[in-house]
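After this come two complexes, each holding chain A, first together with chain B and then together with chain C.
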Partner chain A sequence: MKTFLRLILVLAVIGVVALIAFIFIPVQRTPAQTALAADYTVPEGQGEYTMRLADCAACHTADDGVPFAGGRPIESPLGTIYSSNITPDPETGIGNYTLADFRAALVDGLRRDGTHLYPAMPYENYRMLSEEDIRALYAYFHDQLEPVSNPTPETELSFPFNQRWALRGWNWLALGDPGFTSTLSDAELARGEYLVTGPGHCGACHTPRSPIMTQAALTGADDAFLSGGEIAGWTAPALRGANSAIRGWSAADIRLIFATGRNAHSAVNGEMQLVIRDSTQFFSDEDLDAIAGYLVHLNSGEQAPAEPTETATEQLLASADPSMDLGPRLYLDNCGACHFVNGRGADEVFPELDGSSLVTANSPTGLISMILHGGELPSTAERPERLRMPGFAHRLSDDEVATLASFLRQGWTNDAGPVSAADVSALRDEPATN
Partner chain B sequence: MARTDPKKDVVIIGLGWTGSILGMELAQEGLEILALERGPDRETVPDFQYPNVIDELKYGIRLGFMQKPRNSTLTVRRSLTETAQPYRRLGSFLPGDGVGGAGIHWNGQTWRPMAEEFRLKSYVEESFGADIIPEGMTIQDWGVSYDELEPYFDRFEYMAGIAGKAGNLNGEIQPGGNPFEAPRSRDYPMPPMKQGVDAQMFEQAARAMGLHPFPRPAANATQAYTNEYGMQLGPCNYCGFCERYGCANYSKSSPQTCVLDALKRMPNFSYKVNSEVLKIELAEDRATATGVTYFDEAAQEEVFQPADLVIVAAYSLHNVHLMLLSGIGDPWDPVTQTGTTGKNYAYQMNGGTSMFFRDVEFNPFAAAGSNGVSIDDYAINQIDFAREGFIGGSYITAGISNGQPIRGISLPAGTPSWGAGWKQGIGDWYGHSMSIGSHGSNMAYRDCYLDLDPTYTDRHGRPLMRMTFNWKDNDIRMTQFMRSKIEPIAEAMQPDSWRSSYKSEGAQYDVRPYQTTHNVGGAIMGEDRETSSLNRYLQTWGQHNVFVMGASAFPQNIQYNPTGAVGALAYWAADAIRRDYLPNPRPLV
Partner chain C sequence: MHARAQAAREVPLDQYQPEYLTAAEYAFIMAATDRIIPEDGEGPGALETRVPVFIDRQLAGDFGTAADLYMEGPFTPTADPFLGTQTPLTPAEIYRGGIAAFDAWCAQTHNASFADLDAETQDAAITALSEGDVPLGPELREFWSLLLQNTREGYFSDPQYGGNAGMASWVYIGFPGARGSFFEWVGRPEAYPLGPVNIAGERA
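Showing the complex of A and B:
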């Protein structure tokens, strides 16, 4: 008995010591994965370009805020996380960060003082950044940007999520090996894979999360990677697999949507509009082609959607029969002018609704929000027009939006579940995402 | 107290079609450009948002997108001896305001004038003799030829995304197109619109009579389209709300759908709305302009905006008004026939025959501004002016543009205009009528002109412009000739009844009923500084850094809707400025 108690005591002491160690012993920082020449300098323009590749603006610039001065609220399932000021201001930004400090933030999720960043910062993905790209980002944010003094709001999550030290354990489970090694032999595909998995951090939204909120897969070799996720309640569609939103798309289709936010099938919506606005439209043609090639490669085994034929929905709408149900009537009165009775819209201008990943998403949030509040495509060099769908909140009741959304989700060849008026009501007063 | 703002390379007066085009072309030269628009900003959403814009009372009747006479109007008289009265209520013509200008609320008919129209005076003299030109008719050549402008028509049509069918490709006549048109270097960028029942019936009747019907050239997109600036149009759904409305559907070519978002991306371009230019300021020697003075509505003050180059791109009437107020050119004197500014104001001579078919459903609600079928068999280059006794011509056309309930229902003669009988008539005849119209030229005359009104002033204290205009025998003979051609076609179509409306001898200009917003001339282009305001590059003869866009440059009116020619001239002038003027600013002629 005594022995047993002693054992308990010893275990408890070990546990306490381990916990103290877990909390207080500094985390080892990951060293540079490539030794660059001592006189290595970042090529002209590479800093800004890599910032575009990594889409730092998306989180680190507040609406109407100074670029990269932080303070943007990021809604997470755990609460609101405020992004930090990453201009080189010594007090409120990263002015005092050394290269090693900066690298640790990107690949280990560590602040300069050693505390853990919340993984809203996609260091799971940035961990794959090449040393050259880390150096480029450091050059841009530390040496090229003007400092902006902007104290950002403290992130205050509720217990236990406010215990940042616990992320040490989370990181053990979440993080893969540092650096990037492609499994693909084709150099262009490998470049595309790097951009998608690393700086582009596509998986942060498009890969499902595990029960403890880690990305379920970090590399393309795993089928879970890019198999669909969620962002701010909107479904981030699957980009591979049987339900891939982009199956059947050509490399040119994919290139165009990243360059312009629109293509013959679809138009970006929700958070993806910001990705186009701040990031992908600035990618070089080579990088756009590489990404397009890689995403085509990920979808190479999938069946393209069947060629459109006249559906019962189309026949019903074209009949203009006054006795038709409310759903199709609402469609004719509100949607058909642009999206047409076949639900196929017009190339690059009016997105397809038949087969649309927004319409058929598991979560109807995006669809409802689009009907209520509309959406606007960002202006890009290749397609400058800010094509805007108006919102219909002023015109349609919760019941009508639900009926219309349910019709869309079942119309043509779509097959997704119905929407309730309560779903709509919850989103009615939400500001449009963009 | 006037404020002076930092100097710009270019100031553009008005941000409609021509202001947008010149803005884009000159911004590509890296110049610092400011466009001043007197009206509000307008965007497809929210200003033309579906379904709000589909409101006939607000926009069709109460003219929500047009200028307000209390802010800007002119006075009108019909002869040198009448006293002009202010045009206090819009009727005969509807100048637009705001960003996009009239380019937002047009129907979209986009024509090229005939080659003969650009050298009308020479054509008449060579073909029929100078003595057929009546006393007081002051027609002139444009100073630029169709062949010179052809690449610029092409440029405008491809930028604006026009739907149509070529009739003459590099001299080869194309079946189904207009065989009488001047040669074009390639076909339209989009296939023609679908045609309604009325246009199909007209086409059949015309063809049976040996005439040559063809689809109207339309700035209503028939496909998804991307232009040279990356701007996009979506296919038109034939909602029937074009004229007087902004397009809810990104389907009608306009500065908004074809230029502006691309232009707004240019870091060296900016624009201010609610900023009405009051005067173009001239240097002491009057050989150049120094900039413009405008009224900044937000600041409630006058602003002097210095600039090296002034592009006058307001509505045609306002261009002339500004020139008169600024002392650009000498005002036209109809008695001594000297001066140039305000000379040769012209309008459009239209007429039509309405037909009623009890048993035909025309479905007028499924229509667009420019669907329809036309014939040019009685166009300017097809008529023997000496034999017929007039100079001019017309295209003849059928194409219902809308089925709007307040203005869009035509009733047979004898139907009561109110009460139960009127209601009965509306019920019986909605969707059962169509018309064949004549859209004709209007010549220029000594006593049809624009000058400053001696009595009335605007809210800024400036004299209003005075329009002196009336219908003339020559043009009335032209429209009666068209009547004689249209009525047999109408009869051949065997309507239950029909009625005609054409100006007849003694007709006086009446500003109350809507006729057309094709007001042209007053700042006309030409070969000679004694007889025109602008040289062939739209540069004012007296101030080499002032260029004046728009239909005010037409020396007399063409037989077509003006926008195609306005667009081509804008590109022609922009090209001359870019290639020839900017490297060495000077009079180009």
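Showing the complex of A and C:
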């Protein structure tokens, strides 16, 4: 008995020591993965360009705020996380960050003081950044940008999520190897893969999360990568697999979405509008082609959707039969003028509803929000027009929106579940996301 | 706006509380629009479609107060009508002055205000007005053309403005309203089967 108690005591002491060590021994920082020449200088313009590739503005610029001065609230399932000021202000920004401090933030999720960043910062993905791109970002944010004094709100999550030290354990499970090695031999495909997995951090939204909120896969070799996720209640559609939203799209179709937010099939919605506005429209033609080529490659095993044929839905709508159900009638009264009876809209103006990932998403949140509050395409250099779909909240009751949405989800070749008036009611007073 | 339109639609026309018109002026508008688009024609009349409500609300709003018109002068009301509106009066003031002057003419010529005349005499009086045989003065010379135009507008415009109640005029002429979705019916020989929809999304 005495021996047993002694053993318990020893184990308890070991446990306490281990916990103290876990909490207080500083995390090792990942060193540079490539030794650049001592006289390496960041090429002219590369800093700003890499900022666009990594879409830093998405989180670090608040609505109506100074660019990169932080303070943007980011809603997470764990609570609101406020982005930090990444201008070179010494007190409130990153002015005192050395290159090593800055690299640790990008690839290890560590602040200068050694505490953990919340993984709203996509360091799972930035961990793959090349040393050249890290240097470019450091040059841009530390050396080129004007400092802006802007203290950002303290992120205050509830217990236990406010125990940042625990992220050390999370990082063991979440993080892959630092740096990037492509499995693809084609140089253009490899470039596309790098942009998608690393700086573009597409997986942060488009890859599902594990039960402990890590990205389920970090590289294209794993089928879970880009197989669809969720952001702010909206579905970030699958970009590969049988349900791929871009199945059958040509490289030119994909390039056009990134350059202009619209193509022959679709128009971006929700948070993706901001990605086009702040990030992808500024990509070089070479990089857009590389990304498009890589995404086509990811979908190469999938069958393209069948050529559209006249459906029963189209025949019913075209009949204008006064005895039709309320769903198709609401479509004719509210939607048909732009999206047409075949649900195929018009190229680069009115997105297709037949086969639309927004319409058929598992969660109808995005579709309901689009009907209630409308949406707007970003202005891009190639297509400056901010095409806007109006909201119909003033015109349709909760029951009518539910009936219309259910019709859309079942119309033409769509096959998704119905929507209830309660689903609509919950979103009616929510401000539009764009 | 929408709620008010709903409320205004629910009140019977003879109990409607005008926003701009006086009781006597409202009685005139009721009588005059009823002669311009009478109930006994092929389609619905001006009263069934609540045209007087439309006119009253337009006169109470930006149209009546000439909010969108250049009103700084110089004004030369006697100028050639070809040169357009030259009156210093707002549309609401033209109605006020026009109704008073026309009613005075009716009292002098037919011994009663317009609203109290029988239909036949009303038609004669309104014909005289339309042909310029009622001396109104140059500032009021647009009175008849405004009344006729606003009656048509109240009859055919979207119901949110108070007239075209129940979209009755649209049903009558077969106009599908704010649907804008009948592309596939262009050129087809048969009549389009669906009734109209208004801007608020209601169907008739």
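We take it that the second predicted complex is superposed on the first by the 434 of 434 C-alpha atoms of A that agree within 3 Å, B and C clash if a C-alpha of one lies under 4 Å from a C-alpha of the other, contacts with A are read in each partner's own complex, and residues count from 1 in each chain.
Definition applied: a contact is a pair of C-beta atoms (placed from the backbone, for glycine too) under 8 Å apart; a residue touches a chain by one contact, two chains touch by 3 or more.
Small disclaimer: the values here were computed from a predicted structure and weren't measured.
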### Task
Sticking to the clash and touch definitions up top, decide whether chain B and chain C on chain A clash or fit.
clash
### Message
Once chain A of both complexes is superposed, is A:E310 in touch with chain B (first), chain C (second), both, or neither?
### Response
neither
### Message
Quick check on the superposed pair: does A:V341 touch chain B, chain C, both, or neither? Answer first, second, both or neither.
### Response
second
### Message
So in the superposed three-chain picture, is A:E382 touching just chain B, just chain C, both, or none of them (first/second/both/neither)?
### Response
first
### Query
In this superposed model, does chain C or chain B come into contact with more residues of chain A?
B
### Task
Return first, second, both or neither, reflecting whether A:D177 touches chain B, chain C, both chains, or no partner chain.
neither
### Query
Which partner does A:R395 contact after superposing on A: first (chain B), second (chain C), both, neither?
both
### Message
Under the stated touch criterion, which partner chain does A:D143 make contact with: chain B (first), chain C (second), both, or neither?
### Response
neither
### Query
Of the partners chain B and chain C, which touch A:F350 in the superposed model: first, second, both, neither?
first
### Query
In the superposed arrangement, which partner chain does A:D321 touch: chain B (first), chain C (second), both, or neither?
second
### Summary
Which of 415-423, 541-549 or 577-585 hits chain C? In chain B, it is stretch 415-423
### Shared chain A contacts, counted only where both chain B and chain C touch the same residue
334, 336-337, 340, 395
### Summary
The residues of chain C that touch chain A in their complex are 2, 179-185, 192-195, 197, 199-201, 203
## Note on the structure
Per the touch rule above, chain A residues touching chain B in the complex are 334, 336-338, 340, 345-350, 374, 376, 379, 381-390, 395
### Of all residues in chain A, those that touch chain C in their complex
318, 320-322, 329, 332-337, 340-341, 392, 394-396, 400
#### Entry: chain A-facing residues of chain B, complex
43-46, 49-51, 223-224, 226, 229-235, 237, 239, 248-250, 257, 261-262, 264-265
